[in-house]
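Below: a set of structures, written as structure tokens.
Here come two complexes built around chain A, the first alongside chain B, the second alongside chain C.
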Partner chain A sequence: MQARSATRLEQMIGRLDRRIVYLGLFLFTLVPLWSKLALPLYVTDPPKLFHKTVEELPQDKLVFISSDWDAGSQAENRPQFIALIRHLIRRNLKFAIICIAYPTSVQMAQTAILEAIELENAKDRCVYGRDWVNLGYKPGEEPWLRTFAASIPAAVKEDIEGTPLEQIPVMKGVRNFGPDAQVSTMVNVTGSITAEKWYQFLTPTKVKMLIGATAVMAPEQYPYLDSGQISGLLTGMKGAAEYEKLLGAPAHGTAMMAGQSFAHLYILLLILLGNLSLVVGWWQRRRLR
Partner chain B sequence: MPLQLTGAAFITALVLSLVVAGAILALLHQAPPQLRRWVIVVLTFLGGGIYVLEFFVPPTPSTGEAVFLKVNLTDTVSIVGQATQIVAGFAFLLGVINLSRIHGNNVRRRRVGWPNSVAFFAAFLLMVVAGFWRDWKVWFGGPAPPVWIKDPDPAHVARPHDLYTLLFEGFYRNLEATMFSILAFYIVSAAYRAFRVRSVEAGILMVVALILMMGQVPLGMAATNGIDPHGSLAILRIENFSQYVLTAINSPVQRAMGFGIGLGMLAMALRIWLSLERGTYFQEEASVPSSAGSGSGEPFQPVEGGFDGGGGGEAGGGVGG
Partner chain C sequence: MSGIPFEVVVIWIGAICTLALYSVLYKENPVYRLFEHIFLGLAIGYGLYVTWRDVIFAQWWRPLFRDHYWMWIFALVLGLMYLAIYNKRLSWMSRLVMTLMMGLAAGLAFRKFFGQYVPQIGASFKPLAVTVNGPDGLFDPGRSVFASFTNVLFVVCLLTVMTYFFFSFEQRGRAVTSTARLGRWIMMIAFGAMFGSTVMARMSLFIGRLDFLFREWLHMIK
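This part shows the complex of A and B:
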């Protein structure tokens, strides 16, 4: 009788109904968001480097952004992307967008840029064609990337409106990547395996590279950050929130931090609870001996 | 100056290209498997060879371009790069054809869940019509689309009031985000059920995971808020310790894995370039006698018990175990 009750207790702790687990996660995420709980946020070194690099970019050169996120990773990548665009607008830096992972990223990036322009109230300072351009989606196959890294006009002929590159003011004379060329930086905001492709093909050009990655992908980018191949890294939604803090422009990333914090805490508690059942089982079996 | 075709000339060129591509594909399809294999082997070798040659031939000092036997390899590489975009376009087309076949069969045979296939066709057609109609004038000329297809109002530039935006921003974006959000619920439940510390290694993994998870959110940072960020114990602040784990422990491991994967990829690339990989390019088909048919030989054997065996009963429902 005693042995049976011991097993029941062990099972009760270790195997909660999944619906309760789901409901718990839902509430742990939603309640802090609803209550607009503000938590202290400390900025780590990788976003600081990212911010510093953008701060020091020359204003007469173009910034290329490889926007490789879609709806699946928008919770993490969209705030990063919007914060980046806001920073570029504030610094009056011209930029070009290209997408190599998902065809849907083109529209995602377009809407996010327009939102950033609205947030910065910069309709006159950030005009399509003059200050920025969307070059659309190109399947990121290695041969094409090789061509693109060697000569931008050889690989891209027109923007999403079908306007030839040579007729777009912001792209006039833009040919190559690198410190002595017209493109100073490549920023890859990504929820896919595109960063490694850019490292492979753009490293020889010595162009500065910055990465905004989902939290699950970020650990893979640390060796490149250590070696100086990338000049800054944003990790998931937290990276976006830290970047927003550095910009003094709290937005979506900052707002979501409370929800993410409590969701992480909930996962932690569940893992501990699951392991508590092991301890309880072990303890009760020991008592019976 | 690149050749720019518009209007009727563009349509004619497009149709001609499709006819020629179709004819080449039909010829290849009719050719014996052995010949097909050799065509692909030779094309693969030539395609890869251009890149190898371009890399190893020293560039001309004045232009920086690699020229071999009066052939400008740098330009050739650029053309091959553009050609891959066209091949990728065909891959998209194949994907659409394949999806249409699968869902068409579902509807025709009234298979379980066939209304979902009807929903696929409805959504696909609606998006195609909205997308093409919206940009038809830009790409092919002709009359301007109505306002409900392309909203020209500059006041609505961030969120146009038209069908395409409704479908993309209103449906697609939210549906895909929802699908990925559901994964979080499964992951939480799986972590709770499966993350058991039964060995020292599992214990280390759990401690590291806890540190990284809490180092990733302000709540965790608040826990070590009392430690002076500039003092000698600053490393013990969770965000700093988490960064230490990522840079001092994770980085070397990732780097070692990267080297291993790189070497593997090099070997794999060589095998593909020289067509040494077994089973590629219709090799099996070519080796099977023609009486055995043109299929891949072994019929497909479904996995016993279907594909719902894993997942710790997550999809099954009820209290686990």
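This part shows the complex of A and C:
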């Protein structure tokens, strides 16, 4: 009788309609977002290193940002990107944007920068052309990347508005990457495989590299952090929230982490429930034998 | 319609598209199919436009016809040689250009290895006993033990996983098979961590959409 009820439990769990599982996930995610019910957030070492590196960047040099995210990964990359821009604005660092993965990234990066400028109330401190520039989309194929790594003006002729590079104040005299060159850092905020391309071509220049990756990609980036090829790493939405915490500027990343934490709890609960039903069933059958 | 701000229209379109695509979670339906095709069509159309604007026009047409770099004409010749594959008599021409590209790829692969992986080989030579000083500059035994343990664990993982992938001779003997088995377990743990990270990424995408629907569209989340 006990064995039959255990089998029924297994069957009940196994035959649970997936729509009920989805509904549970929907509620577990939405309620914390709506009620601002958040679990504590601890800052891990990779975002700390990321923050420290930006904090120590020289102010007379340019920061290049390869913005390779689009609608598909914006939930993770956009908060990272906005937090990064806010940090650069606070430190009065000049920056240039380039996109090598998705053509749609150009406009999304532009909108995100404008939002960061508004959040920092820095319309007069962060002026297009003087303090930052958007160089648009370039097909990130190897021959182009090779040229770009060797000489920026040889690979990029103008910005998204068609202004020649030599007429853009922030790009004046900017030619190379490296510790002694005009570009001190390359930050790749990415939802694509672009980080590997930058490692390939920029590691020999010894320029500092920082990565803001989606959570799917992040485990593959840890060996590069360990080897010193990158100086900091942001992992998905959690990385964005940690970076916002370090900046003391909670925004989208922090707000959405409430949903993230409870969604994970829900999945853990489902895994426990599924395994429990199997273990109970196995134990009951074994007792009957 | 003229009184409605453009941003509001965009948000409504975004919300309708999101709901239509999520409707597949209930069951497969024609609305989902319609929006899936619209999305694919838009992506391909936009991709073609951007390829023309940012690649063909910006990188080839303009240098060739505006700046008169006539050498760029060879790019067209090489590109057209690919199409010779459709003609039996001329297909040798496509092989020429493919060989050229394979040579280029092989050369770049060497560069990739040196730029991407060689620094990691160097970084894998770690000291097994590490001494770490605390913030006061004095020897910190706790952190030293932890740092040493981390390095030992790294070396164990490296050696066991490499043993698992060593196929040059048959893996026989208890020492080798046990080491390889440990390597397999370590990989399983790593794959588990990667899968957990993947789940986190998928949840983030879902939360991003929920945030859009309930914050930007319905204004239910402040």
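Heads up, the rule we're going with is that the second predicted complex is superposed on the first by the 280 of 289 C-alpha atoms of A that agree within 3 Å, B and C clash if a C-alpha of one lies under 4 Å from a C-alpha of the other, contacts with A are read in each partner's own complex, and residues count from 1 in each chain.
By definition in this document, a contact is a pair of C-beta atoms (placed from the backbone, for glycine too) under 8 Å apart; a residue touches a chain by one contact, two chains touch by 3 or more.
Keep in mind that what you see is a predicted model, and the values were worked out from it rather than measured.
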Joint occupancy of chain A by chain B and chain C, clash or fit: clash
Which of chain B and chain C A:Asn176 touches, first, second, both or neither: neither
Greater residue coverage of chain A in the superposed arrangement, chain B or chain C: B
Partner chain(s) touched by A:Pro223 [first = chain B, second = chain C, both, neither]: both
Partner chain(s) touched by A:Tyr22 [first = chain B, second = chain C, both, neither]: both
Which of chain B and chain C A:Gln284 touches, first, second, both or neither: neither
Contacts of A:Glu161 with chain B and chain C, given as first, second, both or neither: first
Which superposed partner A:Met256 touches (first chain B, second chain C, both, neither): second
A:Pro40 touches, of chain B and chain C: first, second, both or neither? first
Partner chain(s) touched by A:Ala215 [first = chain B, second = chain C, both, neither]: both
Chain B and chain C footprints on chain A, overlapping residues: 22, 25-26, 72-75, 104, 138-139, 142-143, 146, 215, 218-219, 223, 226, 235-236, 238, 260, 263-264, 267
Interfacial residue positions of chain C with respect to chain A in the complex: 25-26, 46-47, 50, 54-55, 59, 104-105, 108, 111-112, 114-116, 119-120, 122-124, 190, 193-194, 197-201, 203-211, 214, 220-221
Chain B partner contacts - residues on chain A that touch it in the complex: 11, 14-18, 21-22, 25-26, 39-42, 44-46, 70-75, 104, 107-108, 111, 114-115, 117-118, 138-139, 141-148, 150-151, 154-155, 157, 161-162, 164, 215, 218-220, 222-223, 225-226, 235-236, 238, 241, 257-258, 260-268, 270-271, 273-275, 278
Sites on chain A touched by chain C in the complex: 19, 22, 25-26, 29-30, 33-34, 72-76, 103-104, 136-139, 142-143, 146, 196, 199-204, 214-216, 218-219, 223-224, 226-229, 235-238, 252, 255-256, 259-260, 263-264, 267
Of chain B, residues touching chain A in the complex: 2, 4, 51, 74, 77-78, 80-85, 87-89, 91, 138-139, 157-159, 168-169, 172-177, 179-181, 184-185, 188-189, 191-193, 195-198, 206, 210, 213-214, 216-222, 225, 229, 237, 239-240, 243, 246-247, 250-252, 254-255, 258, 314, 317-321
